[in-house]
Amino acid sequence: MRIERDKAEILGGVRFGRTMGGPVAMTIANLDWENWREAMAVEPAPKKAAVSRLRKVTHPRPGHADLAGALKYLTYDAREVLERASARETAARVAAGALCKGFLEPFGIEVLSHVIAAGGVWLRSEVAWRRIVALPDSSPLRCVDERLQRRMIATIDTARRRGDSVGGCFEVVARGVPPGLGSMSQQDRRLDGRLAGALVTVPAVKAAEIGEGVRGVSIRGSDFHDEIFYDRRTRRFFRRTNRAGGLEGGISNGAEIRVRGYLKPLSTLSRPLRTVDLLTKRPARAQVERTDVTPILAAGIVGEAVVALVLADAVVEKFGGDSLRETLRNHHSYLAALRRY
Amino acid sequence: MRIERDKAEILGGVRFGRTMGGPVAMTIANLDWENWREAMAVEPAPKKAAVSRLRKVTHPRPGHADLAGALKYLTYDAREVLERASARETAARVAAGALCKGFLEPFGIEVLSHVIAAGGVWLRSEVAWRRIVALPDSSPLRCVDERLQRRMIATIDTARRRGDSVGGCFEVVARGVPPGLGSMSQQDRRLDGRLAGALVTVPAVKAAEIGEGVRGVSIRGSDFHDEIFYDRRTRRFFRRTNRAGGLEGGISNGAEIRVRGYLKPLSTLSRPLRTVDLLTKRPARAQVERTDVTPILAAGIVGEAVVALVLADAVVEKFGGDSLRETLRNHHSYLAALRRY
Amino acid sequence: MRIERDKAEILGGVRFGRTMGGPVAMTIANLDWENWREAMAVEPAPKKAAVSRLRKVTHPRPGHADLAGALKYLTYDAREVLERASARETAARVAAGALCKGFLEPFGIEVLSHVIAAGGVWLRSEVAWRRIVALPDSSPLRCVDERLQRRMIATIDTARRRGDSVGGCFEVVARGVPPGLGSMSQQDRRLDGRLAGALVTVPAVKAAEIGEGVRGVSIRGSDFHDEIFYDRRTRRFFRRTNRAGGLEGGISNGAEIRVRGYLKPLSTLSRPLRTVDLLTKRPARAQVERTDVTPILAAGIVGEAVVALVLADAVVEKFGGDSLRETLRNHHSYLAALRRY
Amino acid sequence: MRIERDKAEILGGVRFGRTMGGPVAMTIANLDWENWREAMAVEPAPKKAAVSRLRKVTHPRPGHADLAGALKYLTYDAREVLERASARETAARVAAGALCKGFLEPFGIEVLSHVIAAGGVWLRSEVAWRRIVALPDSSPLRCVDERLQRRMIATIDTARRRGDSVGGCFEVVARGVPPGLGSMSQQDRRLDGRLAGALVTVPAVKAAEIGEGVRGVSIRGSDFHDEIFYDRRTRRFFRRTNRAGGLEGGISNGAEIRVRGYLKPLSTLSRPLRTVDLLTKRPARAQVERTDVTPILAAGIVGEAVVALVLADAVVEKFGGDSLRETLRNHHSYLAALRRY
């Protein structure tokens, strides 16, 4: 989960610091590759290889792709599944997301994440953008409320001592998104579905929420909706609340986009989970590969990346263009048209 | 929201009760069309048409696509947006979903929904498949717990009397899904993301959950995961719990797929929402077009449909084939291979 | 092949003569439906239906999808394949193409077709746009050279008298296409591949050519390429020749796009083709369903439609936008930028 | 064009010689990279870099993407376009195609190419599969007729001496393709369109032909179609001719798939083409970057690759499956069903 230490190297598609219209290729070297050279070799395994060195995984871990993937791809070594399902795959998405963030920046669109829950400790109030921006790189959990963050950490520490783990929740906020991305016209064009779908693909995320979507179940309608106002000076429609998370009818409405990912707790050490040996079908104990108590911090970063990917896609869809200058020009004239509306 | 009264007519793609490999075309007549013939005419409006008869909507409703869509598509009549964003569009998905359910049936895959929350009243316990199947057509809310259902209805009635509205939550359950649909290998192939994304496109749904995804945030890892067992008689892996909702690493694991949609409350009559006139930009009150207190029942039916669409897609992806017989044959030999695994 | 008599009825997506951002649904009634009501019924066939009235096709016709489709879709009645593979399916594409032509018109993009070969008679010289535009609706073959057209018709008549058939070639010309549609960056973005691929899907078309692609095999390089010039007055690059058919490196270059479809001759009456009965596997004679000597005229019209579909797609890709006004504005500012280049 | 010397290195997706279900990543090192390190640097160019070392291309070459791409992507250095449009991009497709060929082999599907025209010299007769297989690696043009090949080479040599260039034509043959790949049901599922579209994306290819598609224009229908026979011993339908190139109605019919790509001649040295300087807009002479007289040999190899990619895609579509064993099992039971048909 040490994504922040990885470095992506650009192999193609960029010249003199600018993309050229073709695909951008990047690699992120696996810093631990030396230790895996034998177990993950591209070449056929030597006939007499010590089995132990192939690092087979025959005790599939509950809560991971291990068993379902082994059955799907017809392998008796879940290693072939879990290496692709692992957090390392998300490094590629973070790299691509960084590219998208760079693309979105000149449009005034920024994407950030922060943590709002860990181990049952919740930050319930809405968090202003400036507080998220102000989070220092050194923030241990990227939670804006220091007192709550200490309680979150305490809960995590307790779980760690007990060999247990906890879940969490992160929020991704995108600022500067113009109204009109996505569409109500077809299921696959709705921006809410594309964002929620993307969030749930982040490992360990089992639920996605737009705005106050979960709490909305228990709120009365008279208290939920974001009323519409108009500012004659800036010639813009605006809202005073944002329970909709910036999305109405599958379309961005000009408010900040706020979406959340809910993480399940990872497998634990305290009570090694019961599983079955893939070969003998006998009861076994699942190996615990990871010792992180919660991947909430990394998951938020991956969440930012997938949101940036969806938004970059939606921006290109809406504004077209084959150079940053052209896409920006179209964006600019759309905003001008909105002011004349 | 009277979807159940609509009838889909098949225009093409079916002969003698069987599909033929080409697209199936269906129409659902709008039973209320006569009243809209003038306001929604395909032909250019007569120059001297009484404006009132064009049924323009210039006071966009908060919580709907009205304003964002009017800006996006550059129209001063939100009618052009809301008619497409309306629940009528979902009728087409329900019709297509019915076709998919018919396709899934010979594979032993069944999809049903039930309601687990309305207006803050929650059914917290896991609901067995047989209880959902047993729900009578006359069930007012499709909630399996009669006592809770009465409380839900009471809450809805109270809200109605106050001119208010409530949210809700439905669960879609798919039984008989084989392990191995979807894939951990790429973001867009993960079945969890495809299901969550589809659910959030159902109107009023603002959050989607896989299994116990929301509660997972507050559960310790030692209590969350579904341990793996093996039944030597049926030669199948199985679980005794299903907190993962039948999906691990983006792949179906053979357990029931359980996903949930969270609905916000609709706009209300009691406190007409503040909005802005699209032409004058003056403050206005949003028209309330609908008087349903909650669309939870219909949303569950649409939820079933979108889940059936995603699963049918995943079945064709996994088993290929160009006739039901061929696809079933491939499915059958896959299941046989799983037993030999 | 009497496509020109069909009328498409718009069912949805258009209001007061304008599209609204959602899908446009159209139906084209089958004027001959009464005669097929029993043989193509959606409902299960009555158990005691006279087999003769089901109009089964058990003698698959060489040169059509009949046999390959019957094997693929596992049916013993090739009727289920040939009705979808028939020219009627192309009526839907012509209707959609007409919509696209209407969309392209305000961009100054026009798409027309004309016939350049029938039955071995070739019009070899390049045909100027104005001559194609000038073709009267009454033109029997849409060939601009009246003398050659008479020879083509004579050849067709001779073939008809002998119960034989002939092939042909049509050219589709698109004028006003700006430089920069499509891309060299990836196989699936190249406009040449998308156009050639679309043309070959027109029934009976077995080859597609961009510009002088076929003749290019036998021309020396020193005579083939379209040299580049610049007009300081209009501030535009231009060419004096157009052997490339307006496409270089998979990108439109601003010249007229010229693509051609080569048609095989249809099955004939004079020598009923040998085939095999699907049930008995005994030798049989293929039924001849159609008596057109050549579908070259209709194929050209379908060719226009598929080209218009590809170009409309490429225009939306390049210029984005959610209303005609927005897309046009982006187009306009791109053209202005080209003049400033 | 020395594709055969390049080596692809597999970076991921393969373990112990087998793919694992995830994407396969490969790199092909640019052996000439050292000479381009400065001109194609990813990093921003040093402010004081000698312009000459940046290898800018400001005289766009007719017949290439240079000008259209420079306008599209808004650059004054066509180098940024031509490097992506160059034959090097096809090396990636050849590598991916090799993977597909390896996948297709256990299905009994083989894909090969041979040259049938160069510089106006044509091999007119149909070439049997065994003659293509027998072509030695040392074959200078991969033409099976040695006498014609000598004439082709003579023509090429003459052109080279004159500083001129010639076009050519290659044929790709796929053997062992089962009937039923592709579909007549929708434009984008037709295998003929997908193959023709792919072929035209091979650089310099300006036309694509299925079977005898070009000659079909001039043949009478009574001589064109491939009659259908049945072999009771092998229980298979078969043809004695293959003018359709193995595709009827957009579906493979079980015969060899035969498709052709027509190449234009490349730019020449003898008469440097007239062009315009991108900056000054003054007349200029196009630089000639390449000295190959014809890329016909390499184009055929790329043609094989794109055909293999399309066929692998169609095989997965038809047979589904997540492991070679599963896909093969489905393939096998389909073939058995065809024998029982």
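The chains carry the letters A, B, C and D, assigned in the order they are written, with residues numbered from 1 in each.
Criterion: a residue touches a chain if its C-beta (ideal position, glycine included) is under 8 Å from a C-beta of that chain, and two chains touch if they have at least 3 such contacts.
Bear in mind the structure is a predicted one, so any value in this text is a computation, not a measurement.
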Option in A-B, B-C or A-C whose residue-number contact pairs overlap B-D by over half: A-C
Chain pair with the higher count of C-beta pairs in contact (A-D, C-D): C-D
Between chain D and chain C, distance of the C-alpha-averaged centres to the nearest whole Å: 24
Chain A-chain D separation of Cα centroids, rounded to whole Å: 39
Junction residues of chain A - those touching two or more other chains: 21-22, 69, 72, 74, 81, 84, 180, 183, 185, 322, 325-326, 337
In the complex, chain C residues that touch chain A: 21-23, 180, 183, 185-186, 316-322, 325-327, 329-330, 333-334, 337
Contact footprint of chain A on chain B as seen in their complex: 60, 62-69, 71-72, 74, 81, 84-85, 93, 117, 119-120, 159, 164-169, 179-180, 183-185, 187, 190, 192-201, 203, 205-214, 216-222, 224-230, 232, 237, 239, 243-245, 248-254, 262-268, 270-271, 273-276, 281, 283, 286, 306, 337-338, 341
Chain D partner contacts - residues on chain A that touch it in the complex: 10-11, 14-17, 20-22, 27, 40-45, 69, 72-75, 80-81, 83-84, 322-323, 325-326
